[in-house]
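In structure tokens below, several structures.
You will see chain A twice below: alongside chain B first, and alongside chain C after that.
Entry: the complex of A and B
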């Protein structure tokens, strides 16, 4: 009988090594691709700065190093943070309900939540604008009619009208547009976290003396905290880069409602690719710093428990 | 102490319908195959599921509509369901704290429960991860006992433990229950485990209680074929009575082409069960005169050594299973294929009622 040949296919240890290399190559490959994009952007801007005409260079400086850019950075980070907090405020109870309770028409409810992810963000923004316009028109129809005899003009219903005033072409509109999309992502992540949490722990908490809310708060939520952090990271990172619905609902007024992504888009559409790239890089650095901080926080928080972000 | 009156609960195609009484201080074991409704029943008792009809009372108080926290029921689920984000001490202190006991009293309860279960040395562990199966179970028990429940529910408390620790844990559970005089319901599908802890028990299947009683009675006097099979009685026959036996107050019955002697005077069709350990197996030549017993010719098809006993599968007019002590089997000196006689006295036969 011939001796068995030690090929990598026959040797289980070598085969494991083989798989390990392929899996790690996939992870490293994709992150290298992202790094390449950022490095090329940086090189492109560097080359531009070295060769730009004095006029073009001045335009670049005046465009980037202005108070508006700082305003956009602050507005981007602030709105994404507020949106994430609001999204979690809805997503935590909603994800719990979808995971734990029997709800009539749950499939439909679940699908409607997903539709916020599936619909193109542009359509989301447009739909929000249409809704607010309809509310404004309803406000006009239901308001006080004009009195021609006394010369008093008609007044729209103040409550219905205020929604349009509050959101459209205003900062709250940024948050509303981001919230509509980010909440769906956060609900998904919270539902998955509650699905994975042991429901028996809540049962035991109930018998030990908790109310239903107490069992949720003290037994379910601590188990789902990795999902909470994942939800926060996903919602925040998606929101901070969101463009289309924000541009449609809140507009892109420099120094007022423009955020970094909308501003970058304006620069591209005006032909200033280099400014757009520079702003993109600023955003990438800030977003990655925040994500690394959040992940370190999650890791420290989870000492002992399994959490992966 | 615990009374379930015509309790009903439905979910999808499954329905539970039970009535049961358990006395104060009793160690009661609830047995049955998976899906029998054992867990559903105790979850109704603990208030974790709302029954559609019936009444539940604990310690003389109607708790049918009470919240789980107001029932005086301690619950230890199968996977122990410890709070993984809390320390061992905080796990045990959870109940006393949530009930608003002063911190001195809560500390005292924690210490008391830990001493009772011999886990004081674990109290300072910052996490429950890394505890062994047995330790986790003790922590879960201490956590349930720290609120001083009237009733303790143990859902398959030892099934996650390895065989060697099961026996000692069962003895420990029994000691604990006696020491505290605590009414205990223990869910199990293992007969050895049930016998090592409980006085009385019930066999469930399909959401119904098939029989309740002392465990010896469930074993020797099963109320139906299901209970007989569940209690591992393998010799169950449907026979026809053929008149009085030679001994007074016996009946001759024919089943599977063999003749059996049943206790009592009976007519018509009867179902009867013979426990494998009650069969006497002899060589045909050795046969002593036993006028009062049925003798069924049998061929030894297979003998399996199970350690504590040898399981004999006998072919013949009727298929029989016998358990012999290893000593008795050695004395018999029979190899597979040997012709034997199964001797079955009427007192070894249990006629299944109905």
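Entry: the complex of A and C
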């Protein structure tokens, strides 16, 4: 019988190498695809700027290089950051609870969290609008009724009414719309992170006299650090480009509630594709810079981090 | 812990940026603007206007000049006409509704959202856009079905696309022959006009205001009114308005001589075509 031939398929070391190349090709392939999209957009705008008539160019300039664009960039980044912070504030304990504790009807609780991701974003915004409108109507029903004889208008219940006044067509509405979707995504990644963390470390901590909170804070959370980063990255990047629920709940008022994605959409619906693409590219560059900074910060933290009891 | 200190410093910077953008205060809901009388024509406060994305350009220009003249802050929120109707119905908030088509105002009226009569202020007149100097000698709708004519007709989902179909039916044109000549069906009226400018099409049907935008690079062949189907843009004051005097004034302003000047300068048709 001849000796088996050493083909790459049979040689485990070579097979590992082979798989390594395939895996890296997949990662590089998809990121190259995204880079291609951005470069093609850039080329499209470049070609447009070279060929644009003076009038058309003026319209582009007057809609891109203005204070409102800066306002929209800041509002987009700011609202996404506030939203992410709020989402993590809820998602860290919620993800921990879903991962560790026995909760009655946990399957239902867990699935209700998912429903925020399943619902189309526009419907999510509409549902929030419905909720706030119902609250206001309840406020009107519970408030002082109008007195037509004395000409005194009715006064709604101030507490119920204030929700509506605070969120609808106002900046807090942007955060509320974003928060409703982003929190679900953050809870998912926090639960996965706590599921992957080693419970025994917590058990040891408890045995050594830690409180339940102490075990969470000093044993579970440090292990879930990468999940925290994932949650933050997913929530932030999803939020920063969110359009539909923001537009319906907060409106798209220039200089007040317009964020970059809503502006870009308006430009598309008016036939100004170049303005929309330019705004989107600005957003992409800024968002990628923020994400890179976040990842570098996390990497530096991870280098010096050990579970400390 | 230095790590959390760094993180909270970052969070503080972000929060500060957000507050800066939020403009700290003065951010109450639009309806709280109130209708108190003030200097400058006796109007003040602000009004919240639902404006169809398709008429964003002229209405934005008019909102600015209205503010200069009266001091009333006009907040425009843009979306498609249907979503705006939904928002107005759900929130029972807002002062003026300006959809892209008057059909939506009728719908709003049946829902009891409209106060008073809507005011027409702008007419979207379909026009034939031809290449500069009209090298193909196009005189009217009848030439669109001529063999070898390269046409750009906007997609049916665009407002102009819906009207052009009605124009063909109204004039009993040979739709099969016209469809054969179509070389592009862009999604927006602006892109449709662009094909003629770029000379990839010989003719296109666009709004008169779009044609005006391309006046330097293309020629215009008008469609006689009796053969045309014209789109009307109107504004309606909403029953929910809490600043009724300012809302009425803005609706009037859109249709006023002053408003017409602004619209005309942008190439819009401001008198009902006869």
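Note that in this section the second predicted complex is superposed on the first by the 283 of 309 C-alpha atoms of A that agree within 3 Å, B and C clash if a C-alpha of one lies under 4 Å from a C-alpha of the other, contacts with A are read in each partner's own complex, and residues count from 1 in each chain.
The rule we apply is simple: a contact is a pair of C-beta atoms (placed from the backbone, for glycine too) under 8 Å apart; a residue touches a chain by one contact, two chains touch by 3 or more.
Computed from a predicted structure; not experimentally measured.
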Clash or fit (per the criteria above) of chain B with chain C on chain A: fit
Chain B versus chain C as contact partner of A:119, first or second or both or neither: neither
If touched residues of chain A are counted for chain B and for chain C, the larger one: C
Partner chain(s) touched by A:52 [first = chain B, second = chain C, both, neither]: neither
Centroid geometry (CA): angle chain B/chain A/chain C, rounded to a multiple of 10 degrees: 160
Partner chain in contact with A:85 - chain B first, chain C second, else both or neither: second
Touched partner set for A:222, first chain B, second chain C, both or neither: first
Which of chain B and chain C A:192 touches, first, second, both or neither: neither
Touching partner for A:248 - first (chain B), second (chain C), both, neither: second
First (chain B), second (chain C), both or neither touched by A:203: first
Partner chain(s) touched by A:214 [first = chain B, second = chain C, both, neither]: first
Minimum distance between Cα atoms of chain B and chain C in the superposition (Å): 13
Chain A residues touching chain B - in the complex, by the definition given at the top: 198, 200-201, 203-211, 214, 218-219, 222-223, 225, 304-305
Chain A to chain C touching residues, read off their complex: 53, 55-56, 71, 74-75, 77-79, 81-82, 85, 126, 129-130, 133, 164-166, 168-171, 247-248, 251-254, 256-257, 266, 269-273, 297, 301
Touching residues (chain side chain C, partner chain A) in the complex: 3, 6, 10-11, 14-15, 17-22, 27-30, 32, 48, 53-54, 56-57, 60, 75-80, 83, 86-87, 90-93, 188-191, 213, 216-217
In the complex with chain A, residue positions of chain B that touch it: 43, 46-48, 67-69, 71, 73-79, 81-86, 94-95, 98-99, 126-127, 129, 140, 143-144, 147, 149
